[in-house]
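For reference, the structures are reproduced in the following blocks.
Two complexes come next, and they have one chain in common, subunit A, joined by subunit B in the first and subunit C in the second.
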Partner chain A sequence: MAILTAPIQALAAVWSMVVGLRVTVTNFFRPQETIHYPRQEVPPSHLDSFRGHIELVGADEDPAKARCIGCGLCAELCPSFCLKVVAEELPVDSAVCYPSQAGTDLLMPTPKFRAAPPSQTQPRKLLSYHLVYHTCSLCGLCVQNCPAGSLRFSHDVYLAGASRGRFEFDLMERLRGQAARGGAKGGKAHA
Partner chain B sequence: MSWPAADPCQGLEGDLYARVFAEGARDDTLILNMGPQHPSTHGVLRVLLEMDGEYVLRAEPVLGYIHRMHEHMAQNRAYVQFFPNMGRVDYLHALAWNWAWAGAVERLAGLEVPRRAEYIRVICTELNRINSHLLWWGAYLLDLGAVTPIMYAFEDRELVMDMLQLITGSRLTYSSFRFGGVLTDIDIEFVSRCRSFLARMPERLEMYRDLVTGNAILRGRLEGVGVIDQMTARRYGATGPVLRGSGVPYDVRRAEPYGLYHEFDYAVPVRHEGDCMARYMVRMDELEASLSIVAQALDGLPEGHHIHPDAPRGKWRPPAGEVYFAVEGARGKIGVYVASDGTEIPYRVKLRSPSFSNLSLFAEIGQGTLLSDAVAILGSLDLVIPEIDR
Partner chain C sequence: MNGSLLTSVAPELLRLGIGLLALVGFIAANGMLLLYVERKVAGHVQRRPGPFEVGPHGLLQAFADAGKLVGKQLATPAGADGLLFWAAPLMAFMPVPLMFIAIPFGENLFGLETNLGLVLILSFAGFNVLALCLAGWGSNNKWSLLGAARAVSQAVAYEIPLLLSVLAVALMCGSLDLRQLASSQGGWPWQWNVAVQPLAFFIYFVCAVAETNRAPFDLAEAESELTAGVHTEYSGMGNGIFFLAEYANMIVVGCVATALFLGGAQGPFAPGPWWFLAKMYLLVTLVIFMRWTYPRVRFDQLLNLNWRWLMPLALVNLLATAFAVKLAG
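== the complex of A and B ==
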């Protein structure tokens, strides 16, 4: 019997490779799975849940104006210190209408336990909102905790640039630009 | 002005580690740097070898390229702010680290997690484990010289990443668990994608088997190579597939149950040979085990909240105390120790990462092997470098 073992083993080894080659050859004739960027792009439906850099959500009545109430919670929670919110405190008696959370079409469902605005009594006016995207870790803490539902992730998957400045955003200006193009109201974000 | 007579750097030429390592080396041997350039060390790890011809006489892993920043960062940030770091400790099984951090703090503060959230955690973490093992499979075979398998692995990985992107928003360094639950709920699209993935995988695993597992060349390179006996594995604190490949059926999901793992029925894959092939087979079996867990979790997915309605928000203060929490990552036991003094920021955090203990084995089992076997052994340990260096 021993004399037969070696040839049988050799045959089994060759057979194992034939089986493997068969897999390779069959796959050779299957259609490609990859997307040839830039000739092709990822279909937008695949980007619905994609977390790009954050952006401001426009108010219902004026898409060029952010829902943000300038509370500064996002900047305080950001682990990477990449947000800079400047807001001006208004006199307490000036009429401020807090945006309602209902109808916020965020990518993430609005959690019921969302933090109350840090100061309900102190009305503020948002002056500027800057994001330094190159240090953002996309953790989502700002989006999750914004009491006004004023933040969401953009779907800008092809963001690229040769200088650091390309990744520093004035989000208020960006929102105004989006509103001018008619694309920033509620719903889906557009890059 | 006169220059110092002796060059202060005299006698310090070359590389410190190599010099220290070369002390006591035999004259007729060669000191060889394996990595950081060698592809099988994936960039950051470097192993110093003393070679006698093709044989490894001594091996010494050199760590310290990334430094222990994670633990230190935890001590500088509020509890919830440390979440994004977890995805960077082990970028291949980020959700297990997410879970380890969430679980530790939940245990510390006695937070409750809704059943639905627990199920979602199980589903995501197991999918992530599949992803990690698939990448290991492809990369390992690439180390061994087979180029195509990684393409097939990536085809399947892509599907898992698409699914995880639906719930977590990202494709690799996930940060989607929160204290008391998970960030987003799963929807019908996720479930249907997941089911079609589960239906597809058995055929793919069959193909993997045909393609390489049965291959005579692979078996020749893995069988009987890098044998770790049970005692050695235990001595070094090896966990995960490395330990289970040496015949110890230790799995944190079974041994120290967390989450709702006790509700799922699956066998802990174990092999007794202790060689590279055994570790390979354990991971292949784990792919099947994870698929079965995901299927069971999808079937039994309860209704409810995906995060506890009273979950803590923002910078919150857990009670003072100490806690240890462990989960089973793709590479082994992930442990998180937190000491809290009742402030917003942890007083001390210590992370126990499996790759560190698993790599430490190499100095012992690498001895006396061929250089090509050293590549096979290192790969079979499935190292993720930031985890070693964290």
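== the complex of A and C ==
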């Protein structure tokens, strides 16, 4: 029977090629999945998992103001140094350093100027928040670790620009613009 | 007046000249058409539109591409052998119109009357290897050289079963004249040679795809391993001519298969060139679909397939045919 196995295997292989051809031919006749960009755009409902550049989330009571408490954790964590947070200085005695936190999580370095955990913190007023997007690796550390839930990925799929300046964002200003257009309440993030 | 002189002196020559001219036009038009079809097939198989922006449904894309290719600088790489390097694309393309002249597109639609049409085509088809070999050698580039080495061993291997399978049909019909081979078949599919010689057709088709260096046998190009293989160093129209030759070779292969196995211009109801073209384009479409279906074979698989399967099968087929012909005659 050994003499028969080789031809049978060969025939099976030939048949598998027919099957493969059938797959491509059926796909050929099925509707397309792509969007013809300038004429059509991806519906926002399909963008929930899209990671655009990060943006600030507006506070519930005032969408033009970020939820940010100015702790600086995001800027401290960012591996690419693309965030620049400037917050109001607190009086020295209220800026507590929590030694117990140092070294508890080796993966997460304890930031140097973190004021306090959010539950006990005294929020600092955010003065400016800048993002240099061309070095951002979209790792998401900032979004994951923001204690105030003030960061998220924007859903700006069509971001494009001809100069570097186009990718440097003043996120506070952007938030104010979004609030003026009425689209920046927590949860929704369509640029 | 000149024309009448010519017709009286050498009608055959005139016919040949007109035929060649028409065929070059046919090849160029088909090159563009197939380029478009290829990209559309690739697109739709992958559930995307393919070329879409230039002209309605991207119909003018091939013209835009041709314009771009013609407009590009022809660069000769440093250290390359200029003569060989530029002879290669010419050598890839020049035999192509010559292969077409023997193809009977219809009862009276052919470029040259010859009773050795099959031999003519098969011998000129061998030039393609030489062109790839020159391109690889002349480029002074290791990828090109590797591609050329592959092309040569592949072509040498696949030429043999290809010839054997074609020979079986020639033996059966007792002729090497493509017109006679085509017209000896009937109009309906079961009267075609493919019904008598399915194995020969299969072997011919596989070998032909390999001979034209089309995927899944495009080892000479193998962009994921060899950048673009023998084409690596070619810019602009140098590359364009190679592509044109590739598409033209695909058509030749389709034409020969049509004439030998699929009844040529014979067809149900109304025989004529349209049947020939329809069958030829069907085969070419199949080849295009194959490119977007099968992954490239490994080199050892390629040679194994040839030496261990196609070659013995073609030999057995030829012997059986010879036996049957002797018995019947």
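Methods note: the second predicted complex is superposed on the first by the 128 of 191 C-alpha atoms of A that agree within 3 Å, B and C clash if a C-alpha of one lies under 4 Å from a C-alpha of the other, contacts with A are read in each partner's own complex, and residues count from 1 in each chain.
We adopt the following convention: a contact is a pair of C-beta atoms (placed from the backbone, for glycine too) under 8 Å apart; a residue touches a chain by one contact, two chains touch by 3 or more.
Values in this document were obtained by computation on a predicted structure and should not be read as measured data.
Student: What is the contact status of A:H36 with respect to subunit B (first) and subunit C (second): first, second, both, or neither?
Tutor: In the superposition, A:H36 contacts subunit C only.
Student: Where does A:C139 make contact in the superposed view: on subunit B (first), on subunit C (second), on both, or on neither?
Tutor: A:C139 contacts subunit B only, not subunit C.
Student: Contacts for A:L77 in the overlay, against subunit B (first) and subunit C (second): which applies, first, second, both or neither?
Tutor: first
Student: In the superposed model, which partner reaches more residues of subunit A, subunit B or subunit C?
Tutor: For subunit A, the partner with the higher number of touched residues is B.
Student: For A:A160 in the superposed arrangement: first (subunit B), second (subunit C), both or neither?
Tutor: In the superposition, A:A160 touches no partner, neither subunit B nor subunit C.
Student: Once chain A of both complexes is superposed, is A:M17 in touch with subunit B (first), subunit C (second), both, or neither?
Tutor: both
Student: Once chain A of both complexes is superposed, is A:V25 in touch with subunit B (first), subunit C (second), both, or neither?
Tutor: After superposition on chain A, A:V25 lies in contact with subunit C alone.
Student: Between subunit B (first) and subunit C (second), which does A:S49 come into contact with in this model arrangement: first, second, both, or neither?
Tutor: In the superposition, A:S49 contacts subunit B only.
Student: What is the shared patch of subunit A, the residues that subunit B and subunit C both contact?
Tutor: Of subunit A, residues 17, 20, 23-24, 27, 33 contact subunit B in one complex and subunit C in the other.
Student: Per the contact definition, I'd like the list of subunit A residues that touch subunit B in the complex.
Tutor: So the residues of subunit A touching subunit B come out as 12-14, 16-17, 19-20, 22-24, 27, 33, 46, 48-51, 73, 76-80, 107-109, 111-115, 137-141, 144-145, 153.
Student: Give the list of subunit C residues in touch with subunit A in this complex.
Tutor: Within the complex, subunit C touches subunit A at residues 41, 44-49, 52, 289-290, 292-294, 309.
Student: Residue numbers of subunit A touching subunit C in their complex, please.
Tutor: Residues of subunit A touching subunit C: 10, 17, 20-21, 23-25, 27-34, 36.
Student: Quick one: which bits of subunit B touch subunit A in the complex? Just the residue numbers, please.
Tutor: Checking each residue of subunit B against subunit A gives 77-78, 80-85, 148, 152, 155, 158, 162, 165-167, 169-170, 173, 175-176, 178, 183-185, 207, 210-212, 214-217, 307-311, 313-315.
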